[in-house]
């Protein structure tokens, strides 16, 4: 098993707000992230695939196809967008946690079964999120 | 003359739109940056100060005071905000070019005369802006 | 299970010396790190927490509280300090290995049970340490 | 168990070509990487060792010896070389996948048994490969 | 005057050899870089443009056009190539110094007069080259 | 004129203290940097040389000789040392400002006349110092 991680960047806006909470609760829990005008980040996405090394190519996956899949399913949808306007976040906050889970769900159904290992997301230089799927025992 | 550069980060939203242009022109010129829902970045601000080294402290400027000035004049104003909602950008697009010029103007009047050398701004990992003031002959 | 990693920096001095060894052994084993005047590093600490994503906040942990805990238990104690003067290192060398284990012990008792996943520590651009606790089967 | 990761860089050339495939297949599968003149990368190698912390040194391994081993077995062999000319790649493409497996094999037999945890390899700023050995259940 | 720096990466092979020198001289001067099989790098190119900020766009230059120019004149020519095979290096070594001068010459004739400020080139994590044109008084 | 910047790292301790000031003044001016036990940093040194490109080598300077000079004059003196114990800092604080000026003085007399352009020093991820000599008109 060799692991390949492919990175890509996207720039997006978001803000944190839960309509089931009062304005005061939203402010207390989310602080400056609750500003309804929104703020944004350069997100760095990390997609980790696993696989046996194919003897003829020396690769664990078709990298061009992976790039196209990430482009079509993730970058085209979120790059230069406001995450709160995406239907997938209806009823959910646009936290890094929810973003990695969503990206996992989008990619897991678009790549060969069992090959997606982990989604990582750098939100700021001090914040990093990872998700390895519902059965994903981690890792470290 | 020694030069000190101090970095700070802020996360903000923006989008590009000039109301004097038609929607088609806005789209042609600004492309994906014209999306009215906005998108965002982690901006890295670089403030460069110059000065003689003071013999008693070994410093060119009071770093704590510089940090407070940057915090009060720039970070508090732009961090976790939408730049297009800031009054300083009325009639202006929120490009990196306009942001560095604005930050220069905000800081130049708040620090001792002649000590501000340059404002740098990293917008994405591939985009970097610099401004050294109206008389600022650069530099390379 | 989603994993959140939070980074923080601290600057500290240290040197390696085991009083149970002869000066010659200390020099042979620790080399330039044995200089009793000490040297120092910018340490980057990485604290990884794991958890279910809370439906109301979309988060695995209260990030503000985590930041306060890291500040109170780790940064305030080690930032701009000489590690060899800290009582926790009595009888121990101040290696990256011992630092990550100590930070784990300090934080593990200060956060909700079972939520701390790993401590990482960047000591230089070429040296990185990780510890996932006494039961921590890694990982890779 | 504490994990120590040591980084090192080497600059090398390579290109992808499988002589068992037709020129058209090589071009289709490997694209611009198939150019027989070759291209190159600054590779960042990451060697992760695991171990108990020795009470007298506070270390999991002898770092100087590890550095010498990496220098002798890997850097001296691949730095400023063309990977396709190395006999270990006879019949194999010089992909990141095959490089991490080869480096694992070279180092695993040169360090104490059971102490090598993982080999990582940064090929470009967007491509990262990892291998944890034939029994290496990962990880994330 | 505002300065915009745009980065791009390319991966290329090269080696140093001057046919007017003896093999011994080549080896003495160029050392490991003289290996005729070549080695390679991930080069990071930095193109700095200067200009007044246009009131209607807030920009100093048309970034899309700049990207196309860099793609057509530089990346398409050097990415995934062996620099020694490029006709521009006939009779010249493929050092970072010669690469930045060549890229300046290629871009200076392809962009509006007077707008190109500097070419920067990161060759390895420890080597960086800059050229500001034949009249380019630097800078620091 | 082409500019070559060469980077090198060293790890050192220091603290700020001016014996001509009272303990209260030292504490007020230098804050946490005044702790007499010291703290430390991984310093990244940047040495920028300028020159015409030599036609036979394609280089502005002999890089191996530069590396040896930096090693002998700077790294061997400061790496894994406590800066306050160095005689050059007698009567001076060990600030980044004083370090870049000292390194300039050490290297300027050791390299061919007129070839040293600038010394840069990264002290922390947010602090950067530059000095271009007593006649050094900068730059930005």
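In this document, chain identifiers A, B, C, D, E and F correspond to the written order of the chains, with residue numbering beginning at 1 in each.
Note that a residue touches a chain if its C-beta (ideal position, glycine included) is under 8 Å from a C-beta of that chain, and two chains touch if they have at least 3 such contacts.
What you are looking at is a predicted structure, and each value in this text was computed from that prediction instead of being measured.
Each step here moves to a touching chain, and the least such steps from chain C to chain E number 2. Shared contact partners of chain D and chain E, listed by label: none present.
The chains in contact with chain C and with chain F alike: there are none. As for how the two copies chain A and chain D face one another, under half of their interface residue numbers coincide. Here the spacing of chain B and chain C, counted between their Cα centres, is 35 Å. With centres taken as mean Cα positions, chain D sits 28 Å from chain C. Residues of chain E found to touch two or more other chains are 3, 125, 130, 132, 136, 138-140. You'll find the chains touch as A-B, A-C, A-D, B-E, B-F, C-D, C-F, D-E, E-F. Those residues of chain D that touch chain E in the shared complex are 9, 11-14, 32-33, 35, 37-42, 79-82, 85, 124-125.
Within the complex formed with chain A, the chain D residues making contact are 3, 16, 18, 20-21, 29-31, 92-98, 100-101, 125-132, 136-140. Contacts from chain C toward chain A in the complex involve residues 1-8, 46, 48, 50, 53, 56-60, 64, 117-118, 130, 132, 136, 138-140.
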